[in-house]
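Next come two complexes built around chain A: one with chain B, the other with chain C.
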Partner chain A sequence: MTPVSIRDLVKRYGAAQVLHGVSFDVAAGEFIALVGPSGCGKSTLLRMVAGLEDITGGTVSIGGRVVNDVAPKQRDIAMVFQNYALYPHMSVAQNMGFSLRLHGADRAEIARRVAEAAEVLGLTAYLDRMPGQLSGGQRQRVAMGRAIVRQPQVFLFDEPLSNLDAALRVQMRAEIRALHDRLGTTSIFVTHDQVEAMTMADRIAVLRAGRLEQVGRPLDLYDHPANAFVAGFIGSPAMNLLPGQAAAGRVVLADGLAVATEARAEEPVIWGIRPEHLELVPEGTEGALGAEVVRVESTGTADFVSTRAGGLVLDALFTTRPALAKGQRIWLHPMAGKSHLFDAETGGRLQ
Partner chain B sequence: MGNLRPMGPERWWVLVFLAPTLLGLLLGTFGSIFATLGISFTDWDLLTPATLAGISNYVDLPGDRLFRNALWNTLAFSALYVPATVIISLFVAIGLNRRIPGISFFRVAFFLPTVSSPTAVGLLWTWIYAENNGLMNRIVTALGGDPVSWLSRDVALYSVVIVNVWGAIGGGMIIFLAGLQSIPKDHCEVAALDGATPWQRLRFITLPALAPAMFFQIVLTTINAFQAFDYIYILTRTGNGNSTMPTLVFSIYRTGFRFFRMGDAAAQAVVLTGMIFVLTLVYFRLQKRWGAQA
Partner chain C sequence: MTHLHWPNRWGDALAFVALGFGALCMIGPFVWMIATSLKPVAEQFDMALIPATPTLENYPRLFDILPMHLLLWNSFKIALISTFGQLLTCSMAGFIFAVVRFPFRNAIFVILLLTLMVPGQITAIPQFIIFRFLGLYGTQAPLYAPAFLGGAFGTFLMRQYFLTIPIELAEAARIDGASLARIFFTIYLPLAKPALAAFAIFAFMFSWNELFTALIYLPSDLEKTTLTVGLALFQQQYSGQWPLMMAASLFSVAPIIIVFFLAQRHFIAGISMSGLK
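The block that comes next holds the complex of A and B.
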């Protein structure tokens, strides 16, 4: 098993700088997710690891060896693309065995390893089919199969699930994770979907505008986001982030609303609370915020309630199915110890 | 969207507006085809009324020395011209399928012959091939060789193939460039990651992806080869209106409008059409089998 190390990685296209010195390590056998909004540079970073993009500055090391000037084929990595990139004129078996064939493996060896991978992925019945005759999920599996027959040092995934429908995406993310647990190959998985990142990865690296915002285990990012951006990006529905003024033991929000918090010096802050950390309480409860229900969305598992408290929008999530109607006045109380404080200017965590 | 199909009285107007084109197609194209077929079964010298000849014009064709010569020239020309055009335009397209400064200039340069007047360009080439003071012979003599008679009977075939290939590269290049640019970028990237050398990428990824373009190009080039006339005529015509390398189309023209044997000329035209038709059918068969394998 092979570690990957990214050091001060910089990417420039002419005057446009896409990556501004990103550093993180992937431990041997680790599954790391690279997540961020569109255009944050996550795919570019992955392609630099693969060798498909030149490195402007910094280093990429695979297994302790700097590979900046090593050709893609000599990096011993396999990549799964968003569009699968299956060769349309080759059967499933030929697609999966292509890299072995290029390396001059003999027919029996290719057939054995393709059969093995097909068995793992449930593709045995489809080996003679052409890619055009497969469903999206099956093509996705073939792309995976093509990667695993090589037995590479590192797997790279570039948004491989974005072309699948919702149900299949949930199924495939479990399958990919199970495959990782079985093979133990170091994996870097790029996605814009924080739920995918949360459910699959050992650790998550959050990128924004070419800068690394935070690296950590999924629940650490959820519980202790390093800044307001990560707080808003990780977790669904997103955290409420409201501007306010810290004063003795409380934060005064707009319109005179106030919430209790640890004692801080007087300074402008961003107060954050996740929708699931707001409780529905009776009128007059101390520390509760009065709010008017604007919208209720029920999924069965939970009720997502959007409210207006003074001039502020406050979202809440209840699993208790309270019967709420639009326009109804309710009282919301932040659970003790669940609120977050960020610097109003830098967005950095204050606690 | 809504329904864009013409309704009610509009339909008549559609016919009225299409009439000039439809008439041209009906009389010009289909009319000529049926007229040629009809004339091929007659003897007609354009001056006296045509008389029915049955299939005698066809029966006499194999014995016609001039026709046999023209047929042989056309086959020899096609055997050289088709592979040369397809292969060279494929490699030009591969060479020009990249983002480098000035690439548009080269694409235009290769495409220019396609949109130039064959007569003008043909005349230019007669100067290049001229025995006295021609460009080619100046180069040959400058290098210490003896002047070559480029358009004499022995060499004309190759000289003519060179000019025709030169003129056809642009058209083939455009087809192949379109095919190359429709290959998804990530196919080449996957291949690169899998360790394919440039040759392996060409052999296993690019060429199979270009198969439809290649097929189209081969059919088109073959049809053009059998119908080749303009460059060849301008380059090889002799003072008495003959040619040092008569092709089938030249033979049809000569038989009809110089010998005034319209029936024989029409029969040759029908045979030429039949040959093109059969070849195209064979290509289609091959493509089907090839496509099923791939």
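The block that comes next holds the complex of A and C.
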């Protein structure tokens, strides 16, 4: 098992800078997810680890060895692409055995290892098919098979589930994680879907505009986001983030709308609360916010309620199925200790 | 299928007539050529499409006048070697332009395309000087050697096709441990079969029909020269004898027609791909 270390990584395309000095470590055998909105540089970073993009500055080390100038094939990595990148003119078995063939393995060895990988992924019946004859999920598995057949030091995943439909995505999510638990190979998984990151990863690295915003375990990111961006990005439905003015133990969000908080100097802040951390309370409850129901979306598991409070949008999530109707006036109370405060200017966490 | 509606029927009929007329215009001269080649010389100015006394005598006469089998063989050999050279070098160059990133890639590609605008007549003299310097004047080499130095059209055609292949295939192969040459020969080339087939016909036809260069380097050596030069010589000597001329012409286009029918599907795919008409 091999650790990966990324130090002050910089990427520039001419005048445009895509990565501004990103550093983080992936422990041996760890599954780390790189998330961020599109264009944040996460795929570029992964491709730099793979050796498909030149490194402008900083270092990438795999197993303690700096690989900046090492060709992709000598980095002992395997990569799964978003579009799978299966060779269309080769059968499933040939696709999976291609790298072994290039590394000079003999026929029997290739056949044995391909059969093993196919067994693990449930592809045994499809070894003679061409990629064009497979469904999306099966192609995804072949791409995985091509990666595991080589027993590389590191797996790199570049949004491998984005081309699958929702149900299959959930299934493959579990399969990839189960495979990781079984093989224990260090993995870096790029995705724009924070749910994928939350459910699969040991740790998550959040990127925005080429800068690392936070690295941590999924629930740490959820409970203690380092800044307003991570707060809004991690968690679904997204956290309510409302601008306000801190003063004497409370935050004034709008005229006649204030929430209690620890004593702070007077300053503009961003107050955050997750929709699931708002309680429905009777009128007149101490510290409750009056709001008007704008929309109710029910999934059965939970009711997502969008409201307007003092001109601000405030979303809430209830699992108790309260009877609410559009236009109804309700009272919402932030659960104790569940709200977040961020600096209005830098977005940094204030507590 | 339900019955066609009347407006549709009329539309179809109209299209049919228009297309039929077009086909007639295209095929008419060809039919006339065949018809004339089957007439005795005495009948050559009859306007009849069907010869009054059809004869095959013009064909064996051709072989008496010219070493047709040699000319055919020379043309065929040169076209084959040229086609091979073009396929190899243009697909390699197209691959590099499509897959490998290097400084000034697009600028170099544009310069390459600009060479399409230089007429062959302009490069003919310097090329002649080079080949004479190399001692290749009077040999067939000048007719096929340039094909091994790539070409703007073929490079463009192959590049366009390679660009439609997802770049991730090359990247996956790189990570799998393939060298650039390996990626080209085992991934890209097999996937480019349709483009290669289309380009092969283009290149073969171009070489087969080529007259200008052949006239420069092999103007009179009937042992070595091509069918087109042979026809040109023939035209000078037997200009009054249309049935003979037509028989010779038919001989020169027949191989192309056969090749075309064999690879028709790829050829049309290739034309729509390159945006040519």
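Here is the rule we go by: the second predicted complex is superposed on the first by the 351 of 351 C-alpha atoms of A that agree within 3 Å, B and C clash if a C-alpha of one lies under 4 Å from a C-alpha of the other, contacts with A are read in each partner's own complex, and residues count from 1 in each chain.
As a working rule, a residue touches a chain if its C-beta (ideal position, glycine included) is under 8 Å from a C-beta of that chain, and two chains touch if they have at least 3 such contacts.
Bear in mind that the values here come from a model prediction, so they are computed numbers and not experimental data.
Peer 1: Which term applies to chain B and chain C once both are placed on chain A by superposition, clash or fit?
Peer 2: clash
Peer 1: Just checking: does A:P72 make contact with chain B only, chain C only, both, or neither of them? Give me first, second, both or neither.
Peer 2: both
Peer 1: Is A:F157 in contact with chain B, with chain C, with both, or with neither (first, second, both, neither)?
Peer 2: Neither partner.
Peer 1: Output check: A:W271 vs chain B and chain C. Expected answer is one of first, second, both, neither. What do you get?
Peer 2: neither
Peer 1: Should A:F98 be classified as contacting the first partner (chain B), the second (chain C), both, or neither?
Peer 2: In the superposed model, A:F98 contacts both chain B and chain C.
Peer 1: Please write out, lowest number first, the residues of chain A touched by both chain B and chain C across the two complexes.
Peer 2: Correct list for chain A: 50-52, 71-73, 77-79, 81, 83, 85, 87-89, 98-99, 102-103, 146, 150.
Peer 1: What residues of chain A sit close enough to touch chain C in their complex?
Peer 2: Spelled out, the residues of chain A in touch with chain C are 50-52, 71-73, 77-79, 81-83, 85, 87-89, 98-99, 102-103, 146, 150.
Peer 1: State the interface residues of chain B toward chain A in the complex, per the touch definition above.
Peer 2: Against chain A, chain B makes touches at 184, 186-187, 189-196, 200, 204-205, 208-209, 211, 294.
Peer 1: In their complex, what parts of chain C are in touch with chain A?
Peer 2: 166, 168-169, 171-178, 182, 187, 190-191
Peer 1: Please output the residues of chain A touching chain B within their complex, sorted ascending.
Peer 2: 50-52, 71-74, 77-79, 81, 83, 85, 87-90, 98-99, 102-103, 146, 150
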